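Could you have a look at this structure, given as C-alpha cells, before my questions?
In this document, chain identifiers A, B, C and D correspond to the written order of the chains, with residue numbering beginning at 1 in each.
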Amino acid sequence: MNLERWRTIADWPLTAAAFLFLIAYAWEVIGDLTGSAAAAAEAVIAVTWAAFVIDYVVCLVLAPRRWRWFYTHLLDLAIVVLPALRPLRLLRLLAVLAVLQRTAGRAFRGRVIMYVAGAVALLVFTAALAVLDAERSAPASPIHTFPQAVWWAFETISTVGYGDFTPITETGRLVAVGLMVGGVATLGIVTATLASWIVERVAETEADERAATHGEIVALSAQVAELKELLEERAAS
Amino acid sequence: MNLERWRTIADWPLTAAAFLFLIAYAWEVIGDLTGSAAAAAEAVIAVTWAAFVIDYVVCLVLAPRRWRWFYTHLLDLAIVVLPALRPLRLLRLLAVLAVLQRTAGRAFRGRVIMYVAGAVALLVFTAALAVLDAERSAPASPIHTFPQAVWWAFETISTVGYGDFTPITETGRLVAVGLMVGGVATLGIVTATLASWIVERVAETEADERAATHGEIVALSAQVAELKELLEERAAS
Amino acid sequence: MNLERWRTIADWPLTAAAFLFLIAYAWEVIGDLTGSAAAAAEAVIAVTWAAFVIDYVVCLVLAPRRWRWFYTHLLDLAIVVLPALRPLRLLRLLAVLAVLQRTAGRAFRGRVIMYVAGAVALLVFTAALAVLDAERSAPASPIHTFPQAVWWAFETISTVGYGDFTPITETGRLVAVGLMVGGVATLGIVTATLASWIVERVAETEADERAATHGEIVALSAQVAELKELLEERAAS
Amino acid sequence: MNLERWRTIADWPLTAAAFLFLIAYAWEVIGDLTGSAAAAAEAVIAVTWAAFVIDYVVCLVLAPRRWRWFYTHLLDLAIVVLPALRPLRLLRLLAVLAVLQRTAGRAFRGRVIMYVAGAVALLVFTAALAVLDAERSAPASPIHTFPQAVWWAFETISTVGYGDFTPITETGRLVAVGLMVGGVATLGIVTATLASWIVERVAETEADERAATHGEIVALSAQVAELKELLEERAAS
C-alpha cells in the first residue's frame, strides 16, 4: 500500500473524526463541562486524537522519502503533539467545504465566495471555542462566555478591533494572530474576486475591438479560399 | 398571473413601503417617541410590514416550484417574521440606487463608485438606527443618541474601531457584524474599481504593440487582395 | 473672458493662497496663538479666504450654464461659506503634487505611488490641524497637542484605531470620517498599483506564447509575398 | 575601484553586520541587560555600526556624482547618524530573504508569498524590539515585556488595533507608523497576488476562445502553403 492509496482510504474517516472532535470540543467548551460529562467529551476527543495520530504514523511509514516528508509536515506533527494546537485539526473540515462547493454550480467566482463564507464561519467558530477554552481560566480576562468569544472573533477577523474584549493568555493571543491572518486573507480574496469581476465587465467594451480583429482574420481567410478556388478552376480548364 | 408579472407590479409599491418604513422607523428611533406619536409611527410600520407580508405570501403562492422557492428565500421569511431583522427591509431601497445609477452616464466604473457611495450612506444610516433602537434600552451601553450611533457606524464600516462606543446587546452586535461585512465589501469594491482603472492605464502603453499586430494583419490582407486582382487580370487576358 | 481662461489665470494665485492659508492656519493652531499674533494669522486667513470667495464668484458669473455650475459645485460653495470646512481649501495643494509628479519620470505606477505618499502626508497634516483646532477647546477631549493629533491621524488613516485618542466634538468626528475615507482610498490605490504590477509580472510568462502567434503571422506574410513574386515572374515570362 | 565593485564586495560583510546587530540588539533589549553584558552587547552594536559608517563613507567617496548620491541617500545617512533609526539597519536582512526566495522554485506568486511572510516576520520582530527599547523606560507605558511588544506589533500590522497596548513615547509611535505602513503594504501585496491568481483562473475559460483564433491562423497558413504548392506544380508542368 502506498501513501496515495492510504490518503484515499483515510480521507473520510479523518473528516468524520474532525467532525466528532468539533462536536465534542464545542460541547465541552461551551457547556463548561465538569464530572462525567467532561470525561465523556474528553474520551471522544481522545478517540479522534488517536485517529489523527494513526494517520500521521501511517503516512510517515508509507512516505517514499521519509525525512523529506517529516520536514515538510512539521505542522502536522505539531497539531498531533501539542494540545494547544488541537483546534487546527478542524482545518480538515475545509475539505468538506471543497466538496460542498463542487455541487454549487460552475461559476468560479461564485464558488470562491461560497468557500470564503464557509471558511470564515468555520474560522470564527473554531477561534471562539479556542479562545474561550484558553481565556476562561484566566481571572483577569474579559472573555468568559461563548457569545462574547464569538463577538470578539468577528471584531478580530474584520480587523475592527474595538478592544472591549482582548485575550490576555498566550494561547488566546496565538488564536488572535491566526484570526488576523485569516482576516487579511479573507479581505484579500473578497477584493480579488470583485476585482476580477469588475475587470471583466470593463473588458466587455474592449471585446468589440477584439471581435473586429477576429472578423478581419475570417475575411482574410475567405479571400484566400476564394483565390484558391479560382486557381483550381483555371488548372481544371 | 405568474411570479414575474407580480414582481413587476409589486416593485414600486414595495419600494414605497420601504421608504415609508424608513421615515417612520427613523422618526420613531431618533425622536425616541412616546404616547400617540409612537403609536402613529408604529401604525405606519405595521402597514408597511403588511405590504411585505402580502408580497411574501403572493410570491410563495405564485412560485412554480413552491418548496424550492421557500428554501431559497428563507432570508425573506426571516425579514418578515423576526422584528429584529426589520431594518433589512431597507435593503429594497438599493433598487432605487440602481435606478439613480442608470441615469448617471455610461461609464461602468463611475456607476460603481456612485452605487457604493449610496449603499454605504444607506447602510450607515440604517445601522445607526438599528443599533440605537437596540442599545438605548440597555443602561450599560455607551450608545444613547443618534449622532453617537452614526459615529459608531462610521468607525465600524471603516474597520477603524476606536472602541469608544461598542454595542453590548445581541441585536446591536448583530448589526455590527452586518456593518463589518459591509465594510469589507466596500473596501473590496473600491480597491477593485481602482485596480481596474490602473490596469487599464498601464495597458494603454501596451496598446501600441497590439495596434502594430493589427496593422500587420491589414497589410497582409491588402497583399492578398492585390494578388487576387493580379490573378483575375490574367484570367481575363 | 471665459471660464477656462479665468481658471488658467487664477490657478497659481489660488494655489499660493492655499499655501499661505496652510502656513497661517498651522501657525495659529500649533502655536495656540493669542493677542496680536492670533490677529495677524487671522488676517492672513481672511485674505486667502477673500481669494477663494473672488474665485467662486467669478467662476459663477463666467459659467455658461450658471445654475448647472451652481448645482455641481455645491461643495465649493460650502468650502467658501462654512468655517468648519476651511481645511478643505488645502485640497488645492494636491494640484502642486500633480506638478511635482510630472517631473518624476514617466512610469505611471511610480507616479501613482509618489502622488499617494504626498496626498497622505498632506491629509494627515491637515487633519491633525483641523482636529486639534476642534478638540482643543473641548475639556473632555484627549487631544490637546499637535503631536497627539498627528498620532491620532496616523492611527485613523491606517484604520488601526487603538482608541487612545478619539475626537468627541462634531467637527472632530467629521474630520475623522474624512480621514477614514482617505484611508480606504489609500489602501485601495496601494493594493491596485501592486496588483497591476503583479499581474504584469505574471503575464510576462504568457508573452512568449503571444510572441509565437505574432511570429506565425509574420511567417504567413512572408509566404504570401513569396507567392506574389512567383506569380509576377510567371506573368513576366 | 568604482561604486558597483564596492557594493559587490561589501554586500555580504554588511549583511553579516546586520545579522550580528540583530542578535546583539535582541539580546540587549529582551534580556534588559545591565553591567558587563550590556557593555558587551553595546560593543558589538558599535562594531556593526562602524561597518555601516564605513560603507556610507566609501559609497559617498566612490559615487560619480557625489551631491546627487548624497541627496538621494539621505535615509542612509539618517540610519547611520540617528540612534533612534538603528533598527532600520535590519532592512538589509531583506536581501537575505531575496536569496532564500531564489531557491524556492520558479512560481512568481509563490515567491511573493514567501517573501511577504519573511518580511512580515522580520518587521514584527524588529518593531517589537524597537518599541520595547523605547517604551520600557517610560513608566506610564503599558508595554514592558517582549511578548507584550510582539502582541502589540501583530495588532498593529494587521490594523486590528485593540488598544490594550499603545506606545506613548515619540520613538514608539514612529515605530508604530512604520508598522502601519508595513501593514497596508502587506495587505496590498496579499490581495494583489490573490487577484492575479483569480484573474488567471477566470481567464482560463476565455483561453479556449483565443485558442480558436490561433487555430484559424494555423488553418489559414496551411491553406496558403497548399496554394503555393499548387502554383509551383503548375509552373513545373
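What we mean here is this: a contact is a pair of C-beta atoms (placed from the backbone, for glycine too) under 8 Å apart; a residue touches a chain by one contact, two chains touch by 3 or more.
Computed from a prediction, not measured in an experiment: that's the story for all the values here.
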Chain A on chain B, rotation in degrees - Cα superposition, rounded to nearest 5: 90
Proportion of interface numbers common to chain C and chain D (over half same, under half different): different
Far-end chain from chain D, centres as C-alpha averages: B
Centre-of-Cα separation between chain C and chain B, whole angstrom: 27
Intercentroid distance (Cα basis), chain C paired with chain A, Å: 39
Shared-contact residues (touching 2 or more other chains) in chain C: 155, 159-163, 187, 191-193, 195-196, 199, 217, 220, 224, 227, 231
In the complex, chain A residues that touch chain D: 108-109, 112, 155-156, 159-163, 166, 170, 173, 176-177, 180-181, 183-185, 187-189, 191-193, 195-196, 199-200, 214, 217-218, 220-221, 224-225, 227-228, 231-232, 235
Sites on chain D touched by chain A in the complex: 147, 151, 154-155, 158-164, 186-187, 190-199, 201-202, 205, 213, 216-217, 219-220, 223-224, 226-227, 230-231, 234
For the chain C and chain A complex, residues of the former touching the latter: 159-163, 191-192, 195
